[in-house]
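Letters A, B, C and D name the chains as they come in the text, with residue numbers starting at 1 for each one.
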Amino acid sequence: MKVFRLSQAELDDMVQQWSTTRRVYRPATGRQQPAQADCAPGWERAGDGAPLTVAAGPSKASVKTFLFPQPETMQTYSLKSSDPDRALLKEAAKAADKQIVVGLRPCDARSVQLNNLPYRDDPYYQAGLVRTVMVGFTCKAMCSTCFCDQMGGSPMATEGLDIAVSQLDDSFVAEALTPAGEELTAGLDLTPAADSDLKALAALRKDCPQPDNARLDTLKGRDLNTLYKAPLWQGLGESCINCGACTFICPTCYCFDVQDEVVRGAGRRIRYWDSCMFPLYSLHTTGHNPRGLKMQRTRNRFMHKLKYFPDRFGPFSCVGCGRCVQDCPVNIDIREVISDLLTVE
Amino acid sequence: MISYLPYPVRIDDITVETEDGNLKTFKLVFENEAQQKAWKHVPGQFAMLSLAGQGEIPIGIASSPTEQGHLLFTVNRAGKVTTALHQMHPGARMGVRGPLGNGFPIDTEMKGKNIVIIAGGFAVTTLRATLIYLMEHRRDYGKITFIYGARTPGMLLYQKELQEWAKRDDVELHITVDREAPGWNGLVGFVPTIAGQVAPSPENSVALICGPPIMIKFTMPPLEKIGWTDDQVYLSLENRMKCGEGLCCHCNVGPTLVCKDGPVFTRSQVRQLPLEY
Amino acid sequence: MTTQTTQTSSTSQTSQTSQTAPWDPKIIAFLCNWCSYAGADLAGVSRFQYPPNIRIVRVPCSGRVSENMIMSALKSGADGILVSGCHPGDCHYISGNLFARRRFALLSSLLDFVGIEPGRISFSWVSAAEGEQFAEIVKTVTERVRSLGPATRLVKNIDTVQTA
Amino acid sequence: MPAIKAARSAGGRGHGPLLPPCVLHDNFFYRTRTDYMPTINEKLTEEIRAQARTLLADGTVAAVIGFARGSLPMTVKPVVVRAAADCGRLVWNSFCVLNLANYLPEVLKSVEPPRGPRDPKPAGPLPKVAVLATGCWSRNIVVQTQEHQVDRERVVVMGVASRGMVSRRKVESHFSGREILAVEELDHDLLVTGADFADKINRWSVVRDNCQTCIHPDPVLVDVRIGEPASARKNPNPFKQVDDLEAQTSAERWAWFTSEFSTCIRCYACRNACPLCYCPTCFVDDARPQWVGKSLDPVDTGLFHLLRAYHCAGRCTDCGACESVCPMGINMRMLTKKLNKDVLNLYGMEAGMQPGSPLPLTTYATTDPQKFIVTEAKAVKEDE
């Protein structure tokens, strides 16, 4: 691991240098910018010379869009009758060049690891992991909606990052944590961090809230059916409008739907984000819907995050970024849901 | 690593199975011989049928692994993809992705046991695969009882095979229709009633039940009365699926993913799940 | 986040052919069965010449044409759309075209508002006896669309789709 | 790292450490003052609670749809109260941006005695539901009645004159993204507090665009009056934003449209927050035929928004819920506002203002303008 000390100007310069040879993305700054042609909503290309500032708290859009694009072209085909390969599906050509995501927070970096539990055998996600270098910023302060420490993360955590940038008083310390991260810093004229910087960083890390999920872990031992039948879902379901806002801004929601699109004889099969909040999600062709009620769908989302996923993989499927808390149209607050679930008899 | 790319296949033959024309059996042949040789499935598993421009659907494999060289799928016309599939002709290209799911425990729990197969309507498809497999490996299993019902004689699938099986003395066949019908000399009555009359012994036995939920609901009490337990009964669940690999989460019933952990479950497993199927 | 740079062989063929062949407008015409379709028929029988650019979709009534159909045609790459029904008062179903008139007025205004060129989508009344008028309208509409050039706005093109 | 510690050590409310300090009672600081006078909204809150209690206690209604306090500043949570004892949860403030009419059909159904799909309707009147309604929400109830989604007989409208709801986004952008930990509401000002700032801003300056241009703040249906009726509001041009855009060229408008909707993530919050969107299967969910693709293709996103807006033509009351709930801050209200303008200009109608007459698109006049018809346009040209 290599550690460097950077001023703001040096940091900007480093990003600028990267952007000459690679695509570098950062969270869209200020008011939502019109998406650039090749950017997902909420992200923009870095390297335009503007100083890199990362607002407190998680970025508006989560990092999952880079590993789990919306949409992902899975296969392509032709439906032209003249084509001998008519209706033959072929793997879609994929970009393989490295892309750099700058400015994600430790919670998002952790979400990449969590999603990797179900997606460890998914070719597209794995290819995305290989080609995406993540340059994260640790959090100097937690927002009032942040609760990463209670979900097993920490504002100063580096898990999942290739380079972790931490702010000291007037400068930054960049830790190149992985070979991919070291490769990015190689060849750049960077000042190695002094012992005093390392000490200050260690002190920050020691001082910040530590992962503490002891209280939540009691959920793992609870009987599934008791939680499933808890009365709290009724009220939640009544407030919920069943939009997909929470699931689409959530870094750890990973459901997808698959669909074919054909335009003038050229077709592709795509997968795109789906939400268990939508009635169509579980609707059978017969018209039967196992989760036909709003309440059942709301319950499914929270139970998946807090019970089904941990039962299957261990950790909770939530990193405590607080995006859903901020943006839920009807103020369904997962922290309240957790608190209420903990008190279910 | 998962591959979402379907194997290219050709429709070799299409059989209209039922009098209403809504069920057709598609005989599919691999375009690539190596892929055909590599294909191995267990009765009870399903595969994704893929139509370029339409989408993918999960369908139970109706052919037994012992039927070499092709795959059979019996498809009910219901939605977008199945309607398009029903309009296709022999020779057309489509795709198959799989096999997916767990299948019936033919080599484990079922081995050496008496097998009772209870099927209703067009849920018989994977049970056809199972029965053929069992008959090919007849010595590995005990007594085989096959109870199958449909609404009318014309709605019975695989009628030719049913006649052939009826001639065999190593399979006990009970074919029934819901109501009296002209020209039908066989059993009349709902599957649960017939199952109660046949009263298969639970001794060293395993039951595989596939059919509409209402049939399963009423088939269990008569069986329980004569001593069947939930652990002996295997059911096959269905839910909306997209990936078939346990990723897309569409088919979850509580923590269980039908596509990955199922579709075959024992009845005691199913009873522990929330009612989301 | 990455532009899909590589396409299937067939897709690139498509774009090549569309580049090499001279562009000629494709216009989807939704014609009411009782008046405009008969008007088009009459135009044919009476040998009134009109441009071969329209592709006719016969509908029971102009009131049957929904915004979904019009937008779907736009999305699929139609350069122009013509919806034609009976003259007000002549509707086979008494008032289908009068309901349609309100809906089309709002739709064309909304599409104009978001920047779809006004000439792309046209509405007209043609009776079964107006073969010549039908030919005239098709000429007018075709010329208008031709002067606008190929449609690009709201035309779906899966070659240039972003993947993130 | 004192900042992190501060956020943590402040603890939370009774629920345990998950909730940070911002969930403290919004008016906590204000109430401790000696010169305490209840604000307009506090008085309205008390009145709502009292009326709801009465309605539930005497059995007039089986449920009351209202708002409860949210967990963050400037949020409220829509709730259905079914017991008089729970009416203390109800609140009224300037952040009630959701349209409660959206919940009405479903809650009406939930209070009916359970019955199977083929069972006949039970004899006798079905239980009623009370709902809070401002001008626009009450107009939506009118539309719902006209469209037979709601039985007017079963609804008790608790009419509140709207003073204009505050846009959370406007407040946040006023403080350029600095985190807001508490907002106290006075009659004409908001006291906004963050970790390192406290400021007083004028309430009207951050009221939502649709409320600022609203000319019908007072409910058109009132069964139980809450507070005073609003005085008539004059607005020289409620369609100013639309007019400004119309003045631009076609290419400029297309540029606006593509950039405005490019950040859409297709979460459908706008659709689901809208009381007009009650179709069992939305056109975007149709598979046969599939009208609109489902991914983030700009064409599909654009088509979704155009068709969604168009389906609201003649029915939209400009309540602004769609815009308020959008997590990406898209101004999709511009499209419905444009349609509202056309409906008013062409047919002289405003949604929900004429309870007795049919909706504009379910009727016609033989004299409807048809300038856009090709035949006619050509004839006019010939005349010239």
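The working rule: a contact is a pair of C-beta atoms (placed from the backbone, for glycine too) under 8 Å apart; a residue touches a chain by one contact, two chains touch by 3 or more.
No experiment lies behind these values; they were computed from the predicted model shown.
Chemist: Name the chain pair with more contacting C-beta pairs, choosing from A-D and A-B.
Modeler: A-D
Chemist: Which whole number of Å gives the spacing of the CA centres of chain B and chain D?
Modeler: 50
Chemist: Starting from the mean Cα coordinates of chain A and chain D, work out the distance between those two points in Å.
Modeler: 30
Chemist: Please work out the Cα centroid separation of chain A and chain B, and write it as a whole number of Å.
Modeler: Comparing mean C-alpha positions, chain B is 40 Å from chain A.
Chemist: Going by the contact rule already set, what residues in chain A reach two or more other chains?
Modeler: As it turns out, chain A has residues touching two or more other chains at 40, 70-71, 77, 90, 257, 259, 261, 267.
Chemist: Residues of chain D that contact two or more other chains, please.
Modeler: 293, 295-297
Chemist: Residue numbers in chain C touching 2 or more other chains?
Modeler: Chain C, residues with two or more chain partners: 156-158, 161-162.
Chemist: If you go through all the chains, which pairs of them touch?
Modeler: Result for touching pairs of chains: A-B, A-C, A-D, B-D, C-D.
Chemist: Using the touch rule from the top, collect the residues of chain D that touch chain A in their complex.
Modeler: 1, 3-5, 7-8, 15-22, 70-72, 75-80, 98, 102-103, 106-107, 110, 173, 176-177, 179, 181, 195, 258-260, 262-269, 271-273, 281, 285, 293-297, 324-325, 327-329
Chemist: Which chain A residues qualify as touching chain D in the complex?
Modeler: Against chain D, the touching part of chain A is residues 30-35, 40-42, 55-57, 60-61, 70-71, 139-147, 149-150, 155, 204, 207-209, 215, 235, 238-239, 241-245, 247-249, 257, 259, 261, 270, 272-273, 275, 278, 280, 294, 325-327, 329-333, 335-336, 338-340, 342.
Chemist: If you look only at chain A, which of its residues touch chain B in the complex?
Modeler: Against chain B, the touching part of chain A is residues 74-75, 77, 79, 86-91, 118-119, 121-123, 126, 224-225, 228, 254-260, 262, 267, 269, 271, 274, 276, 281-286, 290-291, 296, 300, 303-304, 307-308, 311-312.
Chemist: Where on chain B does chain D make contact in their complex?
Modeler: For this pair, the touching residues of chain B are 79-80, 83.
Chemist: Provide the residue numbers of chain D that touch chain C in the complex, in ascending order.
Modeler: 242, 245-246, 250-257, 283, 289, 291-293, 295-297, 299-300, 302-303, 306-307, 309-311, 313-314, 335, 338-339, 342-343, 346-347, 360-366, 368-370, 372-375, 378
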